[in-house]
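I'd like to ask you about the structure that follows.
When the chains are written out, they are named A, B, C and D in that same order, and each has its own residue count from 1.
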Amino acid sequence: MPVKIDVNGELVTAYLEGEIDHHSARVMRNDIDSAIERNMPSMLILDFRDISFMDSSGIGLVMGRYKNLKKNNAELHITNTSPQIYKVMKLAGLERLAKIDKVGSK
Amino acid sequence: MPVKIDVNGELVTAYLEGEIDHHSARVMRNDIDSAIERNMPSMLILDFRDISFMDSSGIGLVMGRYKNLKKNNAELHITNTSPQIYKVMKLAGLERLAKIDKVGSK
Amino acid sequence: MITNVLKLVIPSKSSNESFARVAVASFVAQLDPTLEEINDIKTAVSEAVTNCIVHAYKESMGNIYITVQVIDNLTVKIKVRDNGCGIDNIKQAMQPLFTTGGEERAGLGFAVMESFMDKLSVKSKDGKGTVVTMQKKLSIRIS
Amino acid sequence: MITNVLKLVIPSKSSNESFARVAVASFVAQLDPTLEEINDIKTAVSEAVTNCIVHAYKESMGNIYITVQVIDNLTVKIKVRDNGCGIDNIKQAMQPLFTTGGEERAGLGFAVMESFMDKLSVKSKDGKGTVVTMQKKLSIRIS
């Protein structure tokens, strides 16, 4: 199970697990999208605390979910990014689309 | 430092660290031998708690030290062997030369 | 002087992406790089290998050839080669956000390689394949 | 059916011993082996690679060729090849405790490979090199 979903009213949190690359991103994408569809959250939190590695496939993953949420005017929030993950997100300019918290920040 | 030496009267304990293969065994061998020479123990304990891997180069290492100790009628004791290490020692019949304690046994 | 070399060949199965970057990272780990350096290399290799799988061989299967050269125990030179479809406009392909991979590709693979490594060069022949060469000099460690 | 293949070439530097076994282990890890299975494979590979470094190429340097074939996602077949000095009496070489490596070699490399893997075969030509082929079938995991 690479994604654990936690629903709290209009707030949905997806806890991602493992490594994000092209290979693993497929399954995660489906899991998150069906959670969005089912729960129609006004805010989605993607929690990266258990992601040990991410390449630009993870950017595709985040951007795709961002677009999906936009349709319902919902917000995206990214938490617990390790330095490696944050560096990739920074390069992609993801902080212009979503609030990004580094690991350890609260 | 792949070997930490602890001297307690005639009892010398060598705490090995890292992985034991042909490459790493050289340094460990020298460290242990000079501790034997310096302290002339009546018992040497080789502690494997921080050894994460060992191949048959480790057998050579143990047998060589056993022979060195024999010259002074000293004993050899092996402690904290992981299942992987114990399996290699078992194959070599090392339990006929030294008392071997598995990790977690006391 | 080349002080160590690794050659590695794997089929373009997407489950090998993870293996490829871990293998290169553990080879480079012998040089005692910083965590950031090793992560940069891992990420760049992941991009290059993924491109072979996603773009070069698309629906087909082929071999991915990875060579890692260590120069003077300090500089890491990595080649990732495929015999796939090739890139006809390399300049365009290397532009950030450009992708032919559809919705879920960010078009940032080359941007990551360029920014995380010191040097990047791409050579390609249409229908023949592509070679990506990347280089990174590690910081000198005082030990 | 061969479901995955890894080819790996490294020079016979003793610092590559650790890399070689870790690389093979992480390749095999894709099959979700037990910890004991992965450790058995790691140990057997370590023995075969060390033999190339210590015996085949002794004071010289040469390449070590490692091939890992995964068959039906269940059986792992590993070849370790060198172009070194070769073994003139294989039967004798494979005997437990036999070594030409002096004091610090236990003469148990082949014994470990034989006991930790399901199959072992050794082919060698004097002055030409040696190929060690080992095979292990993983236990079927119910998941």
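Keep this in mind: contacts are C-beta pairs under 8 Å (C-beta built on N, C-alpha and C of every residue); 3 or more make two chains touch, one makes a residue touch a chain.
Worth saying up front: this structure is predicted, and the values here are computed from it rather than measured.
*Asks:* Work out, leaving subunit D out and holding the others fixed, how the remaining chains group together by touching.
*Replies:* A, C | B
*Asks:* Kindly list the shared contact partners of subunit A and subunit C, in label order.
*Replies:* none
*Asks:* For subunit B and subunit C, let me know how many angstrom lie between their CA-based centres, rounded off.
*Replies:* 42
*Asks:* Taking each chain's centre as the mean position of its Cα atoms, how many Å separate subunit B from subunit D?
*Replies:* Inter-chain centre distance comes to 25 Å.
*Asks:* Compute the distance, rounded to whole Å, between the mean C-alpha positions of subunit A and subunit B.
*Replies:* 49
*Asks:* Quick one: which residues in subunit D touch 2 or more of the other chains?
*Replies:* 15, 18
*Asks:* Can you pull out the residues of subunit B that are in contact with at least two other chains?
*Replies:* If we look for residues of subunit B contacting two or more partner chains, we find none.
*Asks:* Any two chains that touch count here, so list every such pair.
*Replies:* A-C, B-D, C-D
*Asks:* Spell out the part of subunit B that touches subunit D in their complex, as residue ranges.
*Replies:* Interface residues on subunit B, with respect to subunit D: 19, 21-25, 29, 53-57, 59-61, 63-64, 83-84, 87-88, 91-92.
*Asks:* For a test of understanding, state which residues of subunit D touch subunit C in their complex under the given definition.
*Replies:* 4-11, 13, 15-16, 18-19, 22-23, 26-27, 30
*Asks:* Per the contact definition, I'd like the list of subunit C residues that touch subunit A in the complex.
*Replies:* 14-15, 17-18, 21, 35-36, 39-40, 42-43, 46-47, 50, 53-54, 103-106, 108-109, 111-112, 115-116
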